Each structure stands twice: as C-alpha cells, then as structure tokens.
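Shared between the two complexes below is chain A, which pairs with chain B and chain C, respectively.
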Partner chain A sequence: MENLSEKLKNEFKKDIEPIAGQDNLMIIKLNKKSLIKKLSWEIKRYFDLLYCLTVVDYAPVFELNYVFSNYRNNDVLVIKVNIDQKDFNIDSISDIFDSANWEEREAYDLFGIKFDGHPDLRRILLPEDWPGHPMKKSFKVDDEIRNWTGLDMKF
Partner chain B sequence: MEDSNDFSYPGMYEIIFMKSQKFINAVLNWGRSNSLWPLTFGTSCCAIEMMTVGATKVDSDRLGVLFVGDSPRQSDLIMVSGTITKKMARRLLTVYEQMPDPKYVIAVGACNVSGGLYHDSYNTIEGIDRIMPVDVFIPGCPPRPEQFLDAVKVLQKLIRENKSKAQTHGKSI
Partner chain C sequence: MEHKERIRLNIGPVHPAMHGVLKLILDVEEDTIVKAQTELGFLHRSSEKIAESRFFSNYYPIMDKLDYVSALNMEILYASTVEKAANIEIPARAIYMRTIMAEIQRIMSHLIFIGSFGEDIGNITGFIWALRERELLMNVVEKISGGRLAPMYMCNGGMFYDFPEGIDNEILNVLSTIENKVSHEYSAMFTKNQIFISRTKGIGVLTKDMIKKYGITGPIARASGIQRDLRKVSPYLAYDKVEFDVPVADAGDTYSRFIVRTKEILESIKIIRQCLKDIPPGPYKTVVPWVMRIPKKDTFVKQESPRGEMGIFLVTDGSDKPYRLKLRSPTFFALRALEELLVNIRVADAFAIVASMDPVMGEVDR
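And then the complex of A and B:
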C-alpha cells in the first residue's frame, strides 16, 4: 500500500491528492478525469478487482467513487473523480477491470453518465426504452413516469 | 315496405338448443371451477405464502387446485404473487398470453392490488389490473395461506355464475 501511494505521487504529482487514509484504506482524489485510464493501469498491479462504483449527485457536479480491492489482503483503495453535468462523460475502464463493465452500465442506467469506449453501454436494470435516469436529484416522478408500462395494450 | 326486424317466436328446436346450451355451459363451468390448475408466478415474498397453499397443512388439492406442471400452456389460473416491476410487466404478459382460454387471474398481495409498499415508485406497476384483467384480489402484505383458499372459493363461485372476466369478455370457449 505504501509502495503504491509513493509511486502514484511520483507519477501523477499534482493531479492526485490523498484525502484520508488508515492502515488498509486509502482515499485519493483525482483532479483530471482524463487520467482515470492511466491511473487504472497503475492500480491494476496492486488491486485485482473494482468491486464497487458509486455515483453521488452534488447539484452540478457528480462524484464517482471507484472502490478497488484485493484477493490477497484487506487493502481498499477509493478513487474519487468529479465530473461536471455539462461534460457528462468519462473514459471507460472496462478493458482494464472486467467487473467495471456492469458497474458502468448501472451508472449509465441510473445517472446517465456516458462511458467512452465501453463495449456494450446499455441499460442494465430498467427497461431499455425507459424515459429518464431516476437516481438524479433533478428527476421527478410525474404522471408520464407513473403511468408508463411499456405496453400498448389497454383493458 | 317490409321490415326485416319483425319479431318471431322461437321454434321448438331453437328452444331445445338454447336449453341444452345452457345445460352444457353449466356442466362446463362446474368442471372448470373444480379443476383450476394454477401457474405460480412468484416474484417475491408472497410466493413464500403461495408455497404453503400447496403443502399439507393448507391443502389446496381439496379444492381442485393442483400445483402440477407449472407450465403456462397447461394452466388456466395464474397467481401473480409479488411485486411486478415495469421490466417484469412484459414478461408477465408473455406468460399470460401463452395460457389457453378461458384464463383466470388472482392478484396476490398489496403490491398487486395498489402498489403497496412501492406506491408512487418510478419502477412499479401500481396494481396489475392496469395491464391484465383480474378476477380476484387478495389483500395483505403478505396474505395468509387461508386467504388463498378463500380467493379460490370466490373464483369458483364467479365461474359457476358466469361472472369471471374471461366469461364476461366473451372468451369462455
């Protein structure tokens, strides 16, 4: 873990800043979202899987939390990336971590974030012709959503 | 000028035909009401209660509800037990349309009556009567197994009186 943090500091310098840390937990903020792919290749040497990808809605800015974990020990690494609502896309890391495939599809489904380079960016939980992205705070349940069944039939 | 809609009394053969049809319908309804083969469509916790209905303590076999094949092509009653999300609605309709006529529907639990716990959610069908004709509703979250038997009794009464949704919509035969 210490090896990794020193290596990342040398590699990325001002683009990353450590926020908090304990013995086996490290939280790092990444300032440039275009560097996520490069950072993931570095992380791949120490961490085997991306086990969680969460998105938090802070009004115009959305915060992505990539949580990486390990099979060998209890190390956990959290990478925080902010993306703006106007520029609502980020590079996909599904070719580096396989589990990112479905996690990114879920983030796309519920928040509408576009992941560039994703092999199969479809909705994963909701029906494919669903209107809107329900986990955004700007989303409101109106009559169109309430009465939507996706079916043509009426009884 | 002759009108074609003048009234004529039915002849003897027509009366015999009408009477016999009524008798045949009564026999058919009696047979259908006593051999309801259910299709168990369980998506969540109400399905646990539905399993009890087929088991020894609350024995639904006594009323002719045999939990046999579990294939939509051989069943005439669908017990929709559990929350139906909007993605599941199409799957439910696909299963429902495979069943042969006449088919009857029992909506189990608060979720299928009005949305229940998930009322006003963005992803739940608020009552499955929005997407398919329902004969009997069972309230409860989840309902007791005895209520299933009661619902079957009500459905049997409806079928014998020609009042189920399949019969009133003209799909009985």
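And then the complex of A and C:
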C-alpha cells in the first residue's frame, strides 16, 4: 500500500493529491479526469477489483468515487474524480477492471454520465425509455413521470 | 452440418422457478443454451434516493426491505456505518448482541437457500424441512424483536430493547436442534442423495480467475477456493473474540456452493454459542438523539452479509440526512457472471446454477 502511494506520487506528481483518510481507507483526488485510465493501469498492479462506484451530485460538479479493493487483505483505495456537468463524460475503465462494467452502467442509468469506450452502455435498473436520471438532485417528479406507463399506448 | 433451430426463451420476471423477479433471456438450440442475458430492475425502489429525504434514524425500515431474507445483517451494516460516521461507541453488550443477531439471521438466510435450492431441483421435501427449521429461529427473533421478516431491532447506538429473560436457553435448544438436523438429517436429503449429486457436481464451474474478473465475494467466492471472509480479514463486531473456521471448497461448482453454505450454518452455531457464553452484562445501547447532524465526510463500511460483501458509501454534509448513500450489493456483481456461466449448458441445469447464486432481488435492484 505504501509502495503504491509512493509510486503514484512519483508518476502523477501534481495531478493527484492525497486526502487524509480514516483507518485503512486511503483517499486520493485525481485532478485531471483524462488520466483515469492511466491511473487504473497503475492501480491494477495492486488491486483486483472495482469494489463500488459512487457518484455524488454537487451540481454543477459531479464527484465520482472509485473504490478499489483486493482479495488478499483489507486495503481499500478511493479515487475521487470531479467531472463537470457541461462535459459529462469520462473514460470507461471496464476494459481494465471488468467488475466496473455494471457499476458504470448503473452510474449512467441513475446519473446520465457517459462512459467513453464502454462495451454495452445501456440502462440497467430502469426501463430503456425512462425519462431522466433520478439520482440527480435536480430530478423532479413531473407529469411525464407520474403518467409513465412503459407502454406506447394511451389509456 | 445439421441446421439447428434457435429459440429465444424468456424466463421471468414472474416465473415459479426463478428467484424473485430476475429475468433471463436464453437463446436455446435444442436443449443447450448458446447465449444468456440477464435483465434486472424489476424490484428497483430507489432505496438510495429515499435515504436522501430521511433522518439517519428513519432509514432502518428501508434497509430491512433491501435484502429481505437477511434483514438484521442489513440493519447492522447501516447502524455500523452511521455510528462510524458519527463517532458513536456502542457498549460491549450491544456488540455481542449484534453478533448473535447477525449469525441467527445468517443461519436463517442459508436455510432459505437450502430450501429454495432443493425446490429448484425438484426436492420439495428439502424445502419443507429447511423452512421447518427456519421457523424455530423465526420464533426466537420474534420473541427478541417483535418482528419476523423485517424486525426493526437495531437503532443508532445499539438496540431498541434488551434480550428477554431466559432467551439464551431457548436459543441454545433451537441451535442444537438445527445442528442435529443440518449435520445428520440433511445429508440423506442432499449430500448422500445420488440424484442431488448428479444434478450438481461439476455443473456451473466458476474458476478463481472468473471470480476475480467479476468481483464476486462471499460464499460463492469461497466455494471456488478463495479464502476471504470479512469476519476474519477485518474483524468487526465481536468476531475477533470468537473462534470459528471459514469453510472453503475448491471445485467451484454448484455442489461446493451448497456445501460451503451448509458448513457456514454450523460455524454460525459455534459463534452464537461462544457469544452467549461471553456476553457481558450492562447497557444495551448508547443513548443518542433521534435527529443528529453528522459533519461533512465520506464513510465506507463493508461487512460480510450472507450473500457476500455488502458495503455502504455514506456521504454526509453536516445536515441531519445523508447527502448520498450508495449500497454496494454483492449479488449485483455475482449475477453478471451468469452471462458467461450459462453458456453451453442444459436449460435444466441453468435453474440449479441460478439457485446456487442465491440471488435476492431486493438487494440487487435496490
């Protein structure tokens, strides 16, 4: 774990900054979202899986929390990446961590974030034709949603 | 070459042989599956969004309905997350009580697995036997908490009530009954049953690489030879004070997934017996205000639920409600393996494999 953080510091220099974490939880902030793929390749040497991907809505900025873990011990690494609402996409890491596949689909489903290079970016929890992305703080239940039936017919 | 007709088979979301509302879309040639897709979301209730409009103390009923087969584990996970975020220390008695409740719930959940697995491969007697044993524990949980399926027993800082008097003897009696049945009677129905063995051995093999690729945890990973149990890796509650083994099997097939869970029941019984012996007297909760404010921070807690590693990522912003609450569900990752696992096997085996994953859709769809 220490080796990894040293290595990341040398590799990325100013683009990452560590945030004081809690016990066994290391949090690193990545300043450039274009570097997420490069960073993931480095992390892949130490961590086995993307444990979970949490998107937090601080509109107009959305914060992505990538939680990595491995099967050998209890280490957890959190990578924070901010993306802007105007430029609402980020590189997919599902070709590096295969377990990211459905987590990214879920983030796309509930927040509308586009993951470039994802092999199968469809909605996963909600129906294909659902209007809007409900986990956004700006999501309002309006008549379109209230009267949504999932069928192409009028009652 | 002979042309084979390809049929698309939609199984679920409402189907007697499917677990909950999981939908499988299978492309079938004769009796062999050539392509499998899973469809989720039929039980999506947006639990994460509901969290953002409730006080920290008012979210427990939603956690109950998340994984409704192991409601107490979900409650304990949420309680631990909030307590870690708010720096609440819970008394020693509460820690032991929570360990006992978590393990009782784990036995109940695994008994449901044994039952529904038996039902799916045509062993109805197994289903009725397993539910008979589960009923004994249901009565214990009802006496302790007042509820059966969704007990609402945990609260921030501990439990709502103390154990009723004389419950230890009752728990011990029930445990010895279950231990006897699981280790002796069930072998006739399952592990020494030739039909059961030929339906499960060598079917649906998950290799170690597949486990790591898909990020599967819990009993499914342990059945494939990965020795990882969060109760050992990062002991929480009272798990570092009790002795127990982590059952591991190597084959990774449907049979070993069954065996691992059966052995886990016996280990849970061991844990509960030690906890009942060591449980200290004293207060059962730290009194905390019903409405509390937690400063801005991120908290990540993971615990071993009966289905694998369940986690909560809690973001607080200084208000009395969570700013964002993300639930990491283990079966969500496990179900993705079905698309690879179900290819080139018979349709009848597909049901045994899905049942061996033990999905509870409430937790997958959230």
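We adopt the following convention: the second predicted complex is superposed on the first by the 148 of 155 C-alpha atoms of A that agree within 3 Å, B and C clash if a C-alpha of one lies under 4 Å from a C-alpha of the other, contacts with A are read in each partner's own complex, and residues count from 1 in each chain.
Keep this in mind: a contact is a pair of C-beta atoms (placed from the backbone, for glycine too) under 8 Å apart; a residue touches a chain by one contact, two chains touch by 3 or more.
Keep in mind that what you see is a predicted model, and the values were worked out from it rather than measured.
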Combined model on chain A: chain C and chain B, fit or clash: fit
Chain B versus chain C as contact partner of A:Val67, first or second or both or neither: second
First, second, both or neither for A:Leu49, with chain B first and chain C second: second
Partner chain(s) touched by A:Ile27 [first = chain B, second = chain C, both, neither]: second
Contacts of A:Arg146 with chain B and chain C, given as first, second, both or neither: first
Chain B versus chain C as contact partner of A:Pro134, first or second or both or neither: both
Contact breadth on chain A, by residue count: chain C or chain B: C
First, second, both or neither for A:Leu126, with chain B first and chain C second: both
Where the C-alpha centre of chain A sits as vertex, the angle toward chain B and chain C in the overlay (nearest 10 degrees): 50
Which superposed partner A:Asn3 touches (first chain B, second chain C, both, neither): neither
Minimum distance between Cα atoms of chain B and chain C in the superposition (Å): 5
Those residues of chain A which chain B touches in one complex and chain C touches in the other: 125-127, 134
Complex contact set, residues of chain C against chain A: 40-41, 44, 46, 48-49, 84, 212-215, 221, 226, 228, 230, 233-234, 298-300, 302, 311, 313, 315, 323-324, 326, 328, 332-333, 336, 365-366
Interface residues, chain B side, partner chain A - complex: 86-87, 89-90, 93, 120-123, 125-126, 129-133
Chain C partner contacts - residues on chain A that touch it in the complex: 22, 24-25, 27, 48-52, 54-57, 65, 67, 71, 73-74, 76, 78, 97-99, 101-102, 110, 123-127, 134-135
Sites on chain A touched by chain B in the complex: 125-127, 130, 134, 139, 141, 145-146, 148-151, 153, 155
